[in-house]
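Next come two complexes, and both contain chain A; in the first it sits with chain B, in the second with chain C.
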Partner chain A sequence: MMPELSTLVNVVFVVLFAPLLDGIERKVKARLQTRQGPPVLQSWYDLIKLLKRPSVEPSGSFGWLFRLAPAVALSSVLLASTFVPSLLARSMGFWGDLIAFVYLLALASLFLALGGFASCNPYAQIGSHREISLLMAEEFSLAFIVAGLAVSAGGLAFSAMFPLPLKASSVVGVLAFAVMVYVSGARVPFDVAEAEPEIVEGPLIEFSGRSLGLMKLTAYVRRLLLFTVLLNFVIPFGGVLRSSVYVAALLVLSAVYAAFEAYFGRFRTADAVRFLKRFAAAGFVCWLLAVLGW
Partner chain B sequence: MGRSTLEGRFRVIDVSPDEVAEVVRELFEDGCYYATGMGVDERPLNGRFAVYHAINCPKRGVYVILRLTAPENRPSVPSITPVLRGAEWAEREAHDMVGVTFENHPNLERLILPEDWPDGVYPLRKDFPYNRKMAGTEGTAGVRGERHDEATMSVPLGPYHPLLHEPEYFELYVREDRIVGADYRGFHVHRGMEKLAESRMTLNQIPFLAERICGICGCTHSAAYCQAVEEAAGVEVPERALYIRSLMLEVERIHSHLLWFGVACHLLGFDSGFMHFWRAREYVMDIAELITGNRKTYGINLVGGVRRDLSGEKIQKTLKLLELAEGESREVIDNVVGMKELIARMEGVGVLRRKDAREIGVVGPVARASGIDTDVRRDHPYAAYGDLDFKVPVYRGCDVLSRFLVRVDETFESFSLVRQILENLPDGEIINEEYSLPYMEFGLGSTEAPRGEDVHMVLTGGENQVYRWHPRAPTYNNLPAVPLMLEGEDVADAPIIIASIDPCFSCTDHVSIVDAGSGRVLWRGPLLEGVERLRR
Partner chain C sequence: MWLSFSLFILILFSLLGLAALLGLSRRTSWLPALLSAVASLMILIAGVEGSGSWRAGAPVGTSILASLSSISLGVDGLSAFFLIILGLIGLCSSIYSLSSFKHGATTYRAAYPLFILSMFLVLIVRSLLWFVIFWELMTLFSQFLIANGREGSRGAALRYFCTTKGAADFMLLSVVVIIWKLSGSPAYSAISSVLPAYMSSHRLTFVLISAGMLTGLGIKATLVPFHFWVPDAYTSAPGEAAALMSGAMEKLPVYMMFRYLLTFSPLSAPLGLAVAVAGTLTLFFGTMFALRQTDSKRLLAYHSVGQMGYIVMALGAGLYLLSRGYTLLGSLALMASLFHSLNHATFKSLLFLTASSVYRRTGLRNLNRLGGLWKVMPLTAVSALIGSLAIAGVPPLNGFVSKWMIYVSTMPSSTVVSLFGALALFISSVTAASFVKYFTTVFVRPPAGELNVSGEVPPWMTVPQWILAALCVFLGVYPYLPLRAISRALGVVGVKAPALSSFPGVVVPRGLGNVAPLTFFVFMVVLTSILLLLVRPVMRLPGWTTGTRVLRETAMRLPAGSYYASFEEDFGEVYGFGAAIRRLGLWIVRCVGGVARAAERCSADMNGMLIGAFVGLLIFVVVLGRGVP
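After this line comes the complex of A and B, so read on.
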């Protein structure tokens, strides 16, 4: 298949499947809370409804930034989805690297926070402030993990990293990365930036209609891409069954992560940041092992 | 001191304006606290206005009612707020509603009436018709706050916020992530219940109105009202009726506490706990439905007794449901108490020191978590509580965790109480309707609601009516403590701190009449202010 076509297939798959994955997670959580839960397509229904509605701009906001933020956030995650191999392994002649991926995701977070600041709502200010604090702490841990994995794989390019060689450093690195996938997905207890009962969805509070829909889609795609990178580290590359193994593994991962979410209460921002700083130690171990050649 | 009447539960004492401050100080030093106060327009009787201060003396098992009067042409009495700050709101309320002025009150601003309400119009005076509509005047509302500077952000919490299930307004002054100050603004949803009851309802309609003061703890209000009238009229209530009242009050407490645990979990981001608590609570709702026919708003109390009897079969079913409810509640609570991050978010947060707690006069679990050993059920036994055996949990942590733990212990005491009641239910009638209503007799009824002491004062009107009815819900006494609890805390903790008093705003707001248009004026100003960073 032509690389352009497989890229297109991958992007379409990511956009279509990400809200579905969220629907499945909602179902899993509902079951754990002895609730019936909404249908698995609910997140899609919500998105369709939102995308059909106009956005309202709060008076006193920085209009252009507020309008721009959702578009930039979604574009950055979609751009990332063009070079991360998802449903089809071969994707775009250009082989991206982990740094580009991490920074595109950070760009999406940054624009979520900027959109919040631009709305001038005090809850959004607090939420954006929290988003940024968390982002910085995440980067700190991630830096060590990415460096460790790169040394272990012998390069930052996806072609070198997918899959990782079986070494002690890669095992530690993948486990640490799995935790970061959880944190970056803004899941309880790390959902401090949006904490509905505290600050009413934080940066998202003033977004509505289409722009809220784009922000939500960004969040779903982001979670799916994080899972995808994690799976690519371990799925043996290029096998015939790869696509089906990948989708099955996605469903399992998503159910496991949703189940974890049902067993936690929310951190305070300071506690979340403290946890992430301590967690950087795991990244450091990974890097040390890799440097030692294990 | 002048005339004094001796009753079992309360003692009304006429005091002169010169000695009231001294009397209040002595009572406070003796361990009493300010329960509630009401202004009464007694002009049709004696041409004077009266103020009744109800002071709870738990150690002596009596309420001391201090009655002050002032002539029509000079309705002014000395304020007792400088001596006992718990009286602040009650005096402001009497000033708003009846037009009595309190000399030397530190802050005699409007509390309840909207700020565009015309001056000199007092809705609870007897010459103010209940159906009169007022045109608003130019309001001066909305401009508040002196704490604003460059680094401080004002964060509006309310009047609509997912934490608050009713419209209330807290304004938090935030520097970085710390709360440096907080203001409370309430009384947006006034329903004018007192006026309604006094003007156009009969004696036995009011229990149903009283029950609607609160959607969570309504039974406790109708019970307190009935007790107040029973005290005033000297009605003998059959023993079986008293047991059934206690039964429903305890069922209500269990449901209310389980509901609160759920909400607390939700606020701390632990939604699974929320759902599981509410699942366990469903059994309690089934019990209520089985006994009264209603899941909530039981409609069971009347003056003189209760409306529904309990068969042996129902008792058996109730016991079964109770076992399920208790087992599941125990399981969920044990899980929650084992979650370190939840406990860490409650420990040492929202501290209310014992001294402040006593001066403000906080009640119920909030008081018991600050080391104050008080419980109306034990100190002023009513319904069947004199015959029942229960412990009053007291914690000294003064924080949110202590309030949580007090409620945990209370829930399981209540399970035991329900069992005791069902096992020892006496036979006999369930209502006594042979009584006559005296004219201008004072009565006070108090209950321990899930949120604390609930006090109703009644002046009978004869002819099947009440002359004056003043309900005071526990949240009224607990709310003034919230700004103290908030200061210096993390913004993230504001919701759980506010929720830790288990606030019931509609209970607090029962009293007043607000013009819908002007209600907006109250909060719109600060809300807009809060939207932008405040600059001087």
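After this line comes the complex of A and C, so read on.
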């Protein structure tokens, strides 16, 4: 199949499947907490409802930046989804590599925070401070993992990294990356920026209607893409088998992550930062192993 | 060349000399700025052209003084690349000063064109001895730009001058040693034909000369133990001077480092590693300290230190990798270093100009008190946003492309250098955080108290900001042009630039990395515009504060100092370590002062002084002169 067509299929798959995955996670969490839980399609229903409603702008806000933020955040994650192979193995791989992927996700976080600042709501500002603090701590851990994986694979392009060679460093790196996927997805102990009971959704507080819908979709797509990169590191084969294994693994991963999420309370910002700072040791081990050639 | 090189230099001298003379009078203050702008444009054209040479006089004899009797000027690929930087930044800051020159002191207006002229001469001169002389002139004139009559500017200027003067002395020492060793010729061509072979067989000389050269250059390049002059100097210099100094002057040591490390000295892994470590320390500590600043220009100054760290780290990594046999990665890192020099010049000058515009309109640099300026200064706000995103390395702007090249060239090598790349990746997010703070505190959130702002700055101040902002986009989206100039520059210092395909995307062979900034740009612009049309808000309502009655808009805002408090607290060791380094620096200054005072006391005794000088010279001769035939 032509790469353009296959990329289109991938992007459509990502957009359609990401909210569904969130619905599944909500179901799993509800069951673990002995609740009935919403239907699996609930996240989609919510999104459709939001996208039908017009948005409201707070009167004190920095107008165009407030409007720009959700649009830039969503387009940066969608851009990432064009070059990360998801359902089909062929994609616009020459558009970007792992660094571009990391930066595009950071760009989405950055504009989420900027949107919060632009709304000029005090709660949103607190949330945005937290979002950025967490982003820095996250990158501290992630940087060593990326370096370790790059040494291990001998390059940062997806052609070199997908799949990773079978070495001790890759195994440690992939496990550490799995933890970063959890953190980066703003899942429960690390959702300090949104923190509903405390600062009422943080940066998102003033977003409503369509712009809130775009922000939500950004978060779902972001989680799905993080899973996708993790799976691409390990899935060694192509073709139909790859697609089916990929979808099955996505479901399993999201169930596992949701299960973890159901058992945690939220961290304070300082705790989250401290955890990530210490977790950098895992990335460092991965890098050390890779440099030693293991 | 479009006109002969000698004529070109003559016109440039007369333009800038006239500008300096006119600067002495207070009446036509825009004229020197205009002349400087024209001269900068000529420098830019000469850089793009990239060729030409001129010499006068002939050396008689082989003594050091004799070699001053001739001067040879010329442009090659490497100096052409830095001339482009100088021309661009000079042009923008001169346009900016068209309407700001009238506030400056007389010495300031006279020194400004001469500063540009001396930087130009530093770049085109072809002999090390003349290089040091013009370097000193450059330091002298830049000192007048700092001491411009504002409060505290004299102290800053003195500190700056003493520090960088020391730098030049270090360099002068090594330069004289080089010339002495080579019996007479300070010309670049002569040095590069003799010195590498000599130094690879005389390791101790190599170490000493390199230490002297790199310390001298490193002080000007704001490497970390020597960065203490930067914040005060850039805070007290006016915006256009700070832009010129941080954009263009800081790049000149990089120019000489390229020449020295790649053509004068043999390739050596330990030297490359030392440079890379210095760069990594600089980028780490410079940026981590920038995160804590609450003064707009101090924040920018510390970032300028951090970004120089990126440049020097990539240079050292490139040398190290080349000498370890990673040809592709090494030459790519050198390309990245040059590319980041150009990019840093554009976005840091832009940011200094925006900070200066804000200062001119509000009289404030304090980020705790500023705020909400997007309403009154929308043009400055947009250009500041573009500059902030570019320095934060947001794709597809220029900062991203050069940082990406740094990561791709360092990370995949299975050496310690890949750890430096990882630290650079982390620091990039700290930079982003810091500029979120800069942008939001100045332009977005409500100010603490009423600000007395008289509207947007005049068009002559917004135009250069917009030129630089456009460059930030253009250099990132279309890296083909700068990369071609960089290949030419690397060719001069004997490094074969890797054959990257740079259009439409930059692809590094062997699966090292690939990115397509142009595609990113088109995709983002198209999709963002579509989504913007979709989300157009229908009404404006007051913000929701969970029912709390907010009496004053400012009652619930965090001060700029506690933006990332929890993060800074957890990385407290960094700041502790930095403070220790600072104490060490102060201790060294005190010790040197003590020695100087002791020497002063001894100087009453003529014989003792002479004996001391003789013994010192003897030690130098014995240590450095081993193996002189």
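Keep this in mind: the second predicted complex is superposed on the first by the 289 of 294 C-alpha atoms of A that agree within 3 Å, B and C clash if a C-alpha of one lies under 4 Å from a C-alpha of the other, contacts with A are read in each partner's own complex, and residues count from 1 in each chain.
Methods note: contacts are C-beta pairs under 8 Å (C-beta built on N, C-alpha and C of every residue); 3 or more make two chains touch, one makes a residue touch a chain.
Treat the numbers as computed from the prediction; the structure is a model and nothing was measured.
Just to be sure I read the superposition right, which of the two partners does A:147 touch: chain B = first, chain C = second, or both, or neither?
Second partner only, chain C.
Between chain B (first) and chain C (second), which does A:179 come into contact with in this model arrangement: first, second, both, or neither?
neither
Touching A:104, do we find chain B (first), chain C (second), both, or neither?
second
Which partner does A:60 reach: the first (chain B), the second (chain C), both, or neither?
Both partners, chain B and chain C.
Regarding the shared-chain residue A:8, is it in contact with chain B (first), chain C (second), both, or neither?
So A:8 meets neither chain B nor chain C here.
Tell me the contact category for A:123 with respect to chain B and chain C: first, second, both or neither.
both
Once the structures are superposed on A, label A:191 by its partner contacts, choosing first (chain B), second (chain C), both or neither.
A:191 sits against chain B, while chain C stays out of touch.
In this superposition, which partner touches a larger number of chain A residues, chain B or chain C?
C
So in the superposed three-chain picture, is A:251 touching just chain B, just chain C, both, or none of them (first/second/both/neither)?
It touches nothing on chain B or chain C.
So in the superposed three-chain picture, is A:171 touching just chain B, just chain C, both, or none of them (first/second/both/neither)?
neither
Which chain A residues are contacted by chain C in one complex and by chain B in the other?
58, 60, 120-123, 125-126, 129, 200, 268-270
Mind listing the chain A positions that touch chain C in their complex?
54-62, 65, 67-68, 70-72, 74-76, 78-79, 82, 92-97, 99-100, 102-104, 106-107, 110, 113-114, 117-123, 125-126, 128-130, 132-133, 135-140, 142-144, 146-147, 150-151, 153-157, 159-160, 200, 205-206, 209-211, 214, 268-270, 273-274, 277, 283, 287, 290-291, 293
Can you list the residues on chain A that touch chain B in the complex?
For chain A paired with chain B, touching residues are 29, 32-35, 58, 60, 120-123, 125-126, 129, 188-189, 191-192, 195-200, 262-271.
Quick one: which bits of chain C touch chain A in the complex? Just the residue numbers, please.
Residues 374, 385, 392-395, 400, 404, 407-408, 411-416, 418-419, 421-423, 425-426, 428-430, 432-433, 436, 439-440, 443-446, 505, 507-508, 510-516, 519-520, 523-524, 527-529, 531-532, 534-546, 550, 553, 556-558, 563-564, 566-567, 569-571 of chain C touch chain A in their complex.
So in the complex, which bits of chain B are touching chain A?
153-156, 161-163, 174, 177, 265-276, 279, 339, 341-342, 344-345, 490-495, 530-533
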